[in-house]
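To keep things simple, chains are lettered A, B, C and D as they appear, and every chain counts its residues starting from 1.
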Amino acid sequence: MTALLETRDLAKNFGAVTAAADINVQINAGEIVGVIGSNGAGKTTFINMVTGYLKPSSGQILFDGKSVIGRKPREVMRDGMCRSFQVAQLFPELTVMENVLIAQSLAEGKNLSFFSPMHTPAREEKARAILKEYEILEYVDETIATLPQGVRKLLDIAMAMLSNPKVLLLDEPTSGVAIEDKFDLMTTVMAAVKKSGAAVLFVEHDMDVIARYSTRLLAFYDGRILADGPTGEVMRDKNVQTLVVGHHLDMDELEGTNNA
Amino acid sequence: MNLALAVLVDGVVYSSWLFLIAAGLTLIYGVMKILNMAHGSFYAIGAYSGASLIGVYFAGGNPPWASYLLLVGAALVAGLIVGLLIERGFLRFMYGRDEVVMILVTYGILLILEDAIKLLWGVDPYFAYQPYTLLGRTKIGGLSFANYDFMLICVTALVALVLWWSLNRTRSGKILQSVIHDREMAGALGVNVTKIFTITFVIGAFLGAFAGALTAPGISVVPGIGIEVIILAFAVVVIGGLGSVGGAFVGALIVGLSRALSVHLYPDGELFVIYGVMGLVLAFRPQGLFAIAGARKI
Amino acid sequence: MLKTISKMAVYGAVAFGALTATAQAADEYKLGLVTFLSGGAAGPFGVPAKNGADLLVDALNAGTVPAPYNKVGINGVKINPVYVDEAGGATKQVSEYRNLVERQGVNAVVGYISSGDCLAVPGVAEEMKKVTVLFDCGTPRVFEEADYKFVFRTAATATMDNVGAARYIAEKVGGLASVSGINQNYSFGHDSWNDFTTSLEQIKKGVDVSTKQFPKIYAGQYGAEVSALMVNPAEVVHSSFWGGDMEAFLLQGAARGLFEDQKVLLTCGESALYKFADNFPEGAIVGARGPNGVFAPKSELNDWFVKEYEARYGTKPTYPVYHMVQAIMGLKLATEKAAANAGEIPTDEAVAGAFEYLEFDSPAGKIAMTNGNGHQAVQEMVFGQVSKENGEVVMKDVVRYAPSCVNPPNGVKAADWIASGFEGAVCN
Amino acid sequence: MLSKNQIFVVAAAALMILAGLVMPYWFSFLVTVALAKGLVVLGLVILMRAGLVSFGQGLYYCAGAYAVGAFSDYFQTDNVLLLVLVAIVCGLVISSIVGLLLSRYRDIFFAMFSMAFSMILYGVLVKSAALGSSDGFNVTKPSLFGWAAEFNGTNLLSYWVAIILACVAGAIIWRYMRSPMGMTGEAIRENEIRVEYLGVSVQKIIYIKYIIAAVLASVGGSITAMTVGHIDPEMAYWTTSGEFVFIALMAGTGHVAAPLIGAVIFELMRTFAFQLSPYTWQMILGIALLSIIIFLPNGLWSLTDKFKKGAN
């Protein structure tokens, strides 16, 4: 079986600074992969590269057998790789409904209509269904700028999921979300994702969240992959514990160690 | 040879003039994110203040050398009064509005100032030629140049140096830099952004008025001179990269030299030079030559 | 939505009615006057012209102007001037012209300094059948490209400035081998330079052009241009600069000694002769766009006018003032000629009819509406050289060219006439 | 079936057309020129809703006008339909070339670069003696297959054409603004990155919007040319483009009717400032502008909300 997403010797330099090097990763359909690493370890750079937002300095990226390099995020997205953002990327002055409707109509196809209205009963119905699935239907008529962080994050992910991707990349889905809401958020997201069958790669600082939701874990350090394997194994890795997590991890008391 | 020399001197003289006008504009933009259309009016007010004072001064038969100090003084007073009046009395209530709206706000101020200047000084021309002719001229390679223009180059170099030094080597300059790079962060770190804004605007207004006052001796000060320099200054600032003082310096040099080259070799192209240079620069460097790097977006 | 808009419409209509309800008294002659009151042309042209109009209107209303203008106002009706700023370009001026005629109900319009406005306004003047006198603009195209019934121009075209200038330097500048030019980059500058060089070709063969510079209008900084003129020297530097541009050029050129080796020829020079007297280079060749100002022929009318103007404004009148005054005088005479009885305002048709081919005296001497089928004036053209005696500017080497020497005959286009070697020109 | 709004628009247009017969000509002229500018501003509003401010719409305003002038002169035609069509084609062709470059730019760089193009056209026209240089040239009055719609010596055709074009363009743009394509503009203004990640080329959308705005501007230019009867390079000068931005911000970008009505109000404001205070009209205009920005931050159109609230 060939991997859905594969990188070979991927590297990225910003001037003299090496943001990523020797990154070899394979992600298969249906996998749920956690990503850890301190700030500046190259996690977001990795996501930015595989989605086509940043051009790697060297190396290859294959998605569904096709090279990603030289292609725009929108083209990669059309092939089935979507992402969410560390800071939710929404349309802040519009309402939740308008955000979803825009996302829907854009996801429907490249040839946008000039003349038929965007607001149609069919689209609105679907939008409500999606919002309900993500448990944010109550905010439907509110403007984004007034929403709490958690709702924004969920909406951000919901909009990414609209085009039924094969791979979903989540960049710190719980950052900025209150501790007590993190698990609710992840549970909601993972339920929706499971239903669609997409593979998920999510960047996370909270080891509790990692432990609970990922089956495989990638640990980034200084632009490189330090460890890659089943979550439990990687978490027990000495190097990972000293260099990435910063202290010894007691697998039984993971709570409270998050230091975003 | 003669031609190359003429192009060089003419170009540098024109560049210094451009930089003097553009410096205040780019400083205000860098710190406050306001593209100040009224900057041309500051220039005009500086020119009128300088010229009218010089007229009175020489009519009184005073020692001619002090007239240069008078020009600086006129610009200082005019910049301070107009800058404070506009920033404290009006602009501060508008902060937080969209950048485009702020352009329009300053356009409204420009319209009002244009007529205010007319009401204050009338439409007749003002002359302040004495400081211009007083310094005599120098012959270089068979061509005479006005010494006043050389002085202008020196003053511009001095202004550039002072700006560079105070921005990079002083504490308040570093605070200013931090505001230029990230206003919110600087505010969060306890920088008094309101005070910085007032000071910057007054300095910017002074620089505009200073450019006007120094230009006044070589021209006829008439209604509308302010409007004519706005677009020139805008172009220089865009070429250099908005908010970058160093960029404005380089932008002014490029425009000045290109214009001199065109006047000497292809006079018909003079009208297009500034837009041609701007187009070329933007085509290859869409953010201008020395764009101030923004924070990572995602 | 519907309710809102209709509500707004009602408010709008009320405000609108309040502003437009200007009463039209029958006992006054409303005169629309359009001239630059803002921008770079206001100082040298617009405001002096307005001052001239104010002076003349007051004097006419008081009945103190010498004969044949001693009748009160226009045909006994007192004049009420209505001013409009000429700023903003042709589209706005056409709009404002309609407003003047319809909303303000003027009896005639006198105005326009910019040639663009002079080309744009006649169309609407004809449509509205309103007598309109163009007073200062120079382009010959107005009556070359179309025939108008209600539009007149009481000042000669700019053709005569440059034909005259070419004749003058051929006559007065010894050893003339080359000329150079610095003119503003717009129609007036281009046309002036073209007329000048094509005329010179006809008058004196083999004169070279050293360099021709066309800086942007209102540029103000001419360092590079002055260098270019010095690098490519010529006997005469031709310039149709005016206002702040001319003054800045003279300052910057003089500071670098440009005018010590090269003679400067300023076709509009007279407009700054008094305000800028200290800085006019000795020997500068100066024109006044006609026999205006220092070049005005001696007459009782001119003496009266200069005395009154100086008393009121503290300076001598320059050519835009003359242009304005002769426009109002022409309109007054034509109106009075058309009127059957004193105290009545004749129809525009009658005034237009009386205006055609009119000849009248003005402070600038005789104005003859002989060109453009009776709608375009010709005047004599005068050039002289600046000389300072005891700090006073006087003109020496003054040469006067008869109207027929510097203006094409009726019906001939200026450019064709110059190219034909001034066919039919009669010089004194 | 026509909706209530559609009936209202058709009725208003019919009323305006008939009103042309009785209203003073200075007013119908003012409305014509204002609607012509309003169309340019309408295009600008489309760009502004996508977060782009063009300081160079004068390029198309002028190009449309010169296309009409040159075409009518060369082919000796005064057919209003043909002339408007020529202007549309002209705007379409130029913008589809210039837009390729400009659609890569944002913010002030878009503003200044668009202005540079407009100023280059200005420069070229000033240098063209055959087109009358800075004085420009006169344009024939339009007719509809020989019918000039003369009433008491005044040509009402351009007024009617302006009303009809404004209503048609307004209706089309009204629908456009509500379509996915139109709404993508708002999305781009709010967050370009998200739009890219939703699978759409931001540059392409901006390119299309730029062309639409350009076509509207050239139609506006063609109406101005036919109405005023004279064109000059001033139409491409930056101050003309600045005036369009002025009207757009004054009117507000909330509704298609805002720029059209705003343009009429602006023209009225300007002409009465000219009349009441010929010496200081700029100051009056400046004060009016600042007052609008202070008291009506969302433009004049936000007044309608206040009226609505008051009415209910």
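Following the convention adopted for this analysis, a residue touches a chain if its C-beta (ideal position, glycine included) is under 8 Å from a C-beta of that chain, and two chains touch if they have at least 3 such contacts.
Since we're looking at a predicted model, the values are computed, not measured.
Colleague: When every step has to jump to a touching chain, what is the lowest number of steps that links subunit A to subunit C?
Modeller: Steps on the shortest route: 2.
Colleague: Along touching chains only, what is the step distance from subunit A to subunit D?
Modeller: Steps on the shortest route: 1.
Colleague: Per-chain Cα mean versus the mean over all protein Cα atoms: which chain has them closest together?
Modeller: D
Colleague: Determine, using the mean of C-alpha atoms as each chain's centre, which chain is farthest from subunit D.
Modeller: A
Colleague: Just give me the whole-number Å value for how far the CA centre of subunit A lies from that of subunit B.
Modeller: The answer is 48 Å.
Colleague: At what distance in angstrom does the C-alpha mean of subunit C lie from that of subunit B?
Modeller: Their C-alpha centroids are separated by 36 Å.
Colleague: Counting only Cα atoms for the centres, state how far subunit B is from subunit D in Å.
Modeller: Averaging C-alpha atoms per chain gives centres 33 Å apart.
Colleague: So which stretches of subunit C touch two or more other chains?
Modeller: 37-38, 185 - these are the residues of subunit C that touch more than one other chain.
Colleague: At least two other chains touched by the same residue of subunit D: list those residues.
Modeller: 126-127, 193, 279, 281-282
Colleague: For subunit A, what residues touch not just one other chain but two or more?
Modeller: Subunit A, residues with two or more chain partners: 85, 89.
Colleague: For a test of understanding, state which residues of subunit A touch subunit D in their complex under the given definition.
Modeller: 51, 72-74, 77-78, 82-83, 85, 89-94, 98, 101-103, 105-108, 110, 112-119, 159-160, 162-163
Colleague: Over in the complex, which subunit C residues touch subunit D? Could you list them?
Modeller: Touch residues, subunit C against subunit D: 1-5, 7-8, 16, 19, 37-38, 83-85, 89-92, 94-96, 98-99, 101-104, 115-116, 119-120, 123-124, 127-129, 139, 141, 145-146, 185-188, 190-191, 194.
Colleague: Quick one: in the complex, what on subunit B touches subunit C?
Modeller: 2-3, 6-7, 9-11, 13-14, 17, 114-115, 118, 123-125, 127, 129, 132-133, 137, 143-146, 148-149, 215, 218-225, 228, 259-260, 263-264, 267-268, 270-271
Colleague: Taking the touch rule as given, give the residues of subunit D at its contact with subunit A in the complex, in rising order.
Modeller: Where subunit D meets subunit A, its residues are 175-176, 178-184, 186-187, 190-191, 193-201, 205.
Colleague: Sort out for me which residues of subunit D touch subunit C in the complex.
Modeller: Those residues of subunit D that touch subunit C are 4-5, 8, 12, 24-26, 29-30, 33, 126-127, 129, 132-138, 153-155, 224, 228-232, 234-235, 240, 267-268, 270-272, 274-275, 278-279, 281-282, 303-304, 307-308, 311.
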